[in-house]
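Read through the structure below, which is laid out as structure tokens, and then see the notes.
The first chain written gets the first letter, and so on, giving A, B, C, D and E; residue counts start at 1 in each chain.
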Amino acid sequence: MFTIIRDLARQNMEFLCGLLLFAVIVGLVILSYFSPYGATDIYLLPPDMPPDGEYWLGTTSRGQDVFWQLTTGLRNTLYFGIGVAFLSRIISLVVGLVAGYAGGTVDKVLMAINDSVMVIPQFPLLILFYFVLKDNMTWVALIVIMASLGWSYDARLIRSVAIGLKTRPFTTQSVYSGMSMSKILVEEHLPYVLPIVFATTMNNMIWSIGMEITLSVLGFTDIETPTMGMMIYWANAHSALIAGTWWWVAAPVAVIVVLFLALFLLSMSMNEYNDPRSRLNRMGG
Amino acid sequence: DDYKSLPRKDTLIVENPEGTIKNPGWFNIWVNGGGGVSTGLQQLTMDTLWYIDPEKGLGGSPWDNSLAADKPQYNADFTEMTVKLRKGLYWSDGVEFTADDLVYTVKTQMDHPGMVWSAAFSVQVASVEATDPYTVVFKLKKPNSRFHAIFTVRWNGAWIMPKHVFEKVADPLRYDFANPVSLGAYKLKAYDPQGQWYTWEKRDDWQRTSLGRFGEPAPKYVTYVDPGPPDKRTIAQLEHNLDIIHDNTPEGMFTLKEKSKSVETWFPGFPFAHPDPTLPAVIFNTQDPAFANPDVRWALALLIDIKAVDMASYRGAATLSALGVPPTAATMNDYQAPMQDWLKNFEIDTGKRKIKPYDPTIGQQVADILRKQPKFKDQIPTDPAAITTAFGYGWWKPDPQAAAELLEKAGFKKTGGKWMTPDGQPFKIRMTVEGDTRSVFTRAGTLIAQQWASFGIDAKAVPVAKLWQVALQPGDFQVAIAWSVETWGGDPDLSFFLDSWHSQFVAKKGDNQPPRNWQRWSNPELDKIIESIRGISADDPKGIELGNDYLKLVAREMPTIPLMSYNVFTSMDTTYWTGYPTISDPYTDPVPNWANSRLMMVKLKPAQPK
Amino acid sequence: MTSYLIFVLKRFGQFLLVVFLGITITFFVTHLTPIDPVEESIGAITQMGQSDPNAIELMRQSLRELYGMDGSIWQQYLHFWLRLATGDLGPSLSAFPTPVSTIILRSLPWTIGLMTVSTLITFVLGNAIGALAGYYRKDMVLKAVSLVFIALLPIPYYILAFVLLILFGYLWPVLPITGGYEMNTNLDLSFALVLDILKHSILPALSLILVGAGSWLIGMRALVSNIITDDYVVFAELGGVPKRKILRSYIARNAMVPQFTGLAMSLGGIFNGTVITEIVFGYPGIGNLLISAVHAGDYSLVLGLSALSIVGVAAAVFIIDILSPLIDPRIKVE
Amino acid sequence: MDALVEVQNLKAYYRAFLYGVDREVRAVDDITLTIGHGEIYGVAGESSSGKTTLIKTIAGAIRPPLKVVSGKVVFHFAGGTQDMYAMTPDERMALRWLHLSYIMQASMNVLNPVRRIHHSFTDFAFRHMKVGKNEFFTKVGSHLERLKLDAHLLQAYPHELSGGMRQRMTIALATILTPEFIIADEPTTALDVIVQRDVLSMIREIQREIGSSFLFVTHDMGVHATVSDRVGIVYAGRLVEEAPTRKLFALPLHPYTQHLVASLPSIGDAKARPSLEGRPPNLAMPPEGCRFHPRCPKRMDICSQKVPPMITVEPDRRVACFAVTGDQA
Amino acid sequence: MNALLTLSHVTKIYRQGGMLGRRQIVAVKDVSFEIGSEPEILSVVGESGSGKSTIAAMILGQTTPTQGELQFRQKAVALHGKAERRAFMREVQPVLQNPFEAFNPLKRVDRYLFETARNFSVGGAKPDRQQIERLADQALHHVGLSLEEVKGRFPHELSGGQLQRAAIARALIPQPRLLIADEPVSMVDASLRMAIVNLFEQLKHELGLSIVYITHDLATAYYISDRIIIMRKGEIVEQGEARRVLDNPQHAYSRALKDAVLTADFASTS
């Protein structure tokens, strides 16, 4: 494992850059646990201070330190994105693999559900959920809802691979080795779809975090939990871009860009490493 | 540009805070059909019997007889009201306005449940009759000394329908009233089929309208637009494309003041904004056992550091009020000033001792804090009277010690740094605030929750998008930031909101509460005050006395914690027009969705853009 | 031919099923919302200065009746389908009695216009750069351009749109920042009007393009870098087929097959991208309408809009499905 | 012999330094051979012995990780001399298809799947033919006829053709410009036996008609016996024996060739065939000395120490085995 | 009579275009044959697409025939319950075409051996690790390998011949009566081919296995089979004792097939 990472880093510029950027993100997330200020405390500091030696990234109009806000917000956003990605990956894996492998009626039923979820307009639905749940719309609830909306496209992708895998001879071999369906899916087929899972994770995170930001900017989330979206919400509620407190907006945007560049570069190089074509070619030798 | 057909210098451009209108072709204001109201429709084309201005008004007093020739005449037991109408007023299609229109308005609405004022008339009116073309007599089902209020514009009122148009319509409920016939000085010129703007044109016969009494309106055209979110409004006004911004964020307002040479505001300096006759407060759901006890409510009030809340929400640009009336210019005279002595001596019993919670200098303190910020230094008044008008008198001193005593008196206990309710549960407060739409309240709520939390209460602010519909009406909240007090503004009669606080209207837990007693508070003493007010006429001077009784009662009981007036950051650009209402010429409220804002049209003067 | 017909019929059945399920889910979720259009309407009315509690109770009853909201949710559900079967989406509850379809049709052309044009531009731009960047992997300029688009991708749309708005509407005020056309415009069709509409669409479209091109680019680049190792590409290279020809007719042509599916999906799902754009730029489309409908608890309007979107996406998928044998000759009709 | 192609001490390795893997696969290791004008040269050998690599290197179809380490590939097209790896890319491009065409392994999948077949002919050959479009397609049509393909098939998509037809199409594409040298990798593997037979006889006919030289690879000894003039046997990246087809089958010299020939079953002959023990060597870590020695029944001590050189034992015959030639170095 | 496997009038039709489809492909048409209780090797030969794999799939219970019946030990090969499937798999095992594809390239080869040993342990009780390894080793010895050579290795670390032998060893673990080998040598080269074919012969004798050997290589079919079935377009055109049929084919197609075989025997070419 370590040698793989070392070699990836040595040979693959993209991976190296991704790794470094990701290290920055992780560093910030770790720092968040050492924040001298409570994450939701406001009016502790003089408001609207531009970045300087004391407040590295300035302070907000709410008297918060942008830097420490940022670390906590980044942490929550990242956990949120990971949570959604993780849950939705699980759903799409189960649905995709089972539908592809079982075929027949099971496939038809699962795909009918899948396609229905795919066509449902997500945004109105999320807003409606917000109205239904009100203050029960916690982060966990939002993660679950987003995850249950964000799996269908990838489930289809996985299914198409799974259909191919089903006809691969080694599947027959596994069946005649007496393996159960779950074992075949998890141990034989899963490794083949993992590259897809990796690749779609980034898109899923972009989608879920983007959606979080959108909902937050419109005020449809829990405003007490600092996230990237919430930072922008408050900045926006204080007309930060107009009032000249640009650092309040620039900081979260910059960090989100870094986060996604990191994820993108990593997933791209991992993808290359994972690509069944190139990898199997290599293994075949 | 031939397609921008209207000359800018003849046009007043005003923000319509309703945003984009969903059903733009709907002008039937008597049916709630998704059309706009503040699109100029109610300000410029509608009219009704009386207006009470939130500020001074143009006719010498806030009270204005508009379509009516005189004040309402009641019989002795308030079961009959007679109205005399003005003569010589015409609809924009040349038909004369008469008593028939008024009678038709009432009867049609009573016949069509679902029309806006239908229910209100049905509940009250036994019969309505025109005794001659300019006299109408209402017979009421039960005595009501304030029946005229329904025809009296504060923000709006029951508008008069054009009988000659509606009587030809099969179903008034389904009639869109396209090409609305106007009773005001303006009539529809054009509107955006997408609902983003409406333009009204001055009537040639503006003299034949009630506004004509005050002179000729200056703007030939008035356009009401949806300029988008606050930041875009700010940009638009900086570029002189928007003459009146309805409301803004404090920061947007500061930016405008800083960057634009031509912006004018209600107060020339801090806090700039216009205090509306509306009183944002911390509203307790008194049906929640935790908040049934006034000691608890008082304890929570004493935990609020109002200066911090002021800075957090309005960044200092608020007009504070410790009393249960909005600190508008008029109530400052009628209620706030006379009550100061009482407030200074007011005592509460913490169970261990008596304390005097009032700090009369808070307004001055806020001014002092603001003066320390270099950006605002010169904009803060120094004259104590001016400071009071701008920032309010005093407020309650933060007193955690007393708060703790009060909570203990109410049976609460502090264990392990956390407050527990009398039945041993953690004291948990969810403060409902309005999400995006009124960000200053969200800010205030967030900070108050934080102040309570730092005292050991599990408090947190939760935004909801439709506070009224999802929380206040169904009573589905613990504590909220909203208002349950609204006054006429220009008139000391408190019945406008107070009548609905009578215990007869308090809904059962779980049922929908009718406006405006969102705190669902019932109190026999209050009921007596309300009943006394019902027994006297609206302009009876005894009304102020009874109002004072009300203020003392709610100060003791604290069913809501009044915070400040609803300061609206209205800003006006003087590039094309001057003569807007300001504190130095307070002839009306500048907030342009108020129907009273029609008065502006006659006071505005074109300016030559540089 | 008959087998193709059967295939189309089968797909059509699937399309109907998906639409049915999608709308059903949306129906029940919308009806779960605690916002009641009657209360909403009462709220609006009481805002007009009425507070007599007795009157309000009376009003509540009459509005319930008027809006046809009596009956259990199942009855309403049945009614909904019965009405829909006759092509009637019912009256909007927050704009009663105006039909939902009238309201939607007013906004729809704007959204379709803006989104179609910007989606197509985004598609062409993203794929062109993606294909070039995938083929000429070493080219520094292409790398830089790709990186810019990829970096734009994660910027919250709201922020990007707003930065554009401040740049071109405030700091260098050359473009209009709000609405679909100038206010007080004479709406008779004229060259000036068309120009004005185009001018108003530049910023919204630009923001959509800047944010959207990246994902096409990434997808295309990945596809291309896989395809260049395919036998037929290697064979063409060995056969001395000119590079540009290879890029165009061999690589891009093959990579476009999956991309077209994506294009149809995003054209069908036009809805999802519109809300924020329309809010930021005050664009008069269905996104703005949707938000106000949600706020007003107007479920007939929300349902109408959702149904439109569901049908849009499902139809796009359906069309792709039935056209795919034509786009990709390899796909046999099962 | 009048040489068209000369391969001299060619070494081509796959170099992989990737993700924890660090190795060098010596797939073509010091191979020398010559192909004459109009000759069909077959290369045989077991799977993974480097046949494809050899052919790719000769065709100049290398891309990373494959690298030509040393050696030369020289052509004598149109009387001149062209060194494959000393040319500029443009010069190499100019040779392709006009003088040299290459039919890749899995040639059933080399046609663009989403375009009709006639486009491929235009793309590959039209530039070189210097005739009008109509005349071009008339020529293509008559060429297809030779391969028993109907001209209307040009309007088809590749997938609409059967495997055999596609393979013939590819052969038609490779021969339309009558290049001097045609290279093919497993041109008939995975075809039906009956179809295979047809395709092979067609290749022969075309080759005779246009007089090209032909280099092809397959592990099917039956095919070699049918088509090749001369056969080279590759084992683990090295040429171990080279002889005219008849001689090779009649009297194989190298022990590996002997085994190969002996193990071929045939109908009508049910006697037991031996199978070879051991496994093919790993080309990343080939055995020292003769690469066949671990499996060789005739192995001697020297076999594990020295690489047996390719020795010409008869004028048209070479072999690399100490057991046959003794230690002549 | 107690035949091991009986196919009586088996037809398999694939439909195209779904439930209402018109286009049909008759992959197998009215095929009947049986395998007796005596161990034997039955070759099924024929051109590509002639339905050989379809027959294999039907015997293995992977698809069901459209018409006709397949019986294994006088019981229909219609597999429902899990237990029934297990019991069937214990007796009938497949050997797949491409040894490189028969094992998941991402997994170790021994995994399949161990799984089979665990799931088909003879005697009922769950075998422990040692027993499993012993069973695997035994099976590997039958094919001339040992566990040592295979253990811990990935497919790409073994030669094609080794892989195919390991696959056969795996199939032997449940001690089946019947192996279905669908083109087991078409992807391995000549030198390995004989090793596998010889192995079949040996297994038949040593373990008393019957083998259905599907191939298009007439030469190896001639070499090892007892009986042969020649198929064309889903139909059996000729069947009988292998040597006799191939030495002297009767049907025109059989003759064409035989003629197309390329041999290194120079007498018969050009």
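Things worth noting here:
Definition applied: a contact is a pair of C-beta atoms (placed from the backbone, for glycine too) under 8 Å apart; a residue touches a chain by one contact, two chains touch by 3 or more.
From a predicted model like this one, the values you see are computed outputs, not experimental measurements.
Simply put, of D-E and B-C, more C-beta pairs touch at B-C. Most remote from chain D, judged by the distance between CA-atom centroids, is B. Once the centre of each chain is set as its mean CA position, chain A and chain B turn out to be 45 Å apart.
Mean C-alpha positions place chain C and chain D at a centre distance of 55 Å. Put simply, the C-alpha centre of chain A and that of chain E have 47 angstrom between them. Chain D has its Cα centroid 91 Å from the Cα centroid of chain B.
In chain A, 131, 134, 218, 236, 241-242, 285 are the positions where the chain touches two or more neighbouring chains simultaneously.
Contacts with at least two other chains are made by no residue of chain D. The set of chain B residues that touch two or more partner chains comprises 231, 235, 465-466, 470.
On chain B, the positions that touch chain A within their shared complex are 230-231, 234-235, 248-252, 254-255, 308, 311-312, 315, 430, 432, 435-436, 439, 442-443, 446-447, 450, 460-466, 470. Of all residues in chain C, only 14, 17-19, 21-22, 25-26, 29-30, 32-35, 150-151, 153-159, 162-163, 166, 215, 218, 222, 226, 229, 268-269, 271-272, 275-276, 279, 290-291, 294, 302, 305-306, 309-310, 313-314, 317 touch chain A in the complex they form.
Looking at the complex, you find that chain A touches chain E at residues 168-170, 172-179, 187-188, 191-192, 280, 283-285. Within the complex, the chain D residues that touch chain E are 46-47, 163, 192-194, 196-197, 200, 219-226, 246, 249-250, 259-261, 263-268, 270, 272-276, 279-280. Only residues 1-6, 11, 19-20, 22-24, 26, 31-35, 37, 113-114, 116-120, 122-124, 149-150, 153-157, 173-174, 176, 190, 192-197, 199, 221, 223, 225-229, 231-232, 235-236, 238-239, 465-466, 468-470, 473-474, 476, 497, 499-500, 504-505, 512, 514-516 of chain B touch chain C when the two sit together in their complex.
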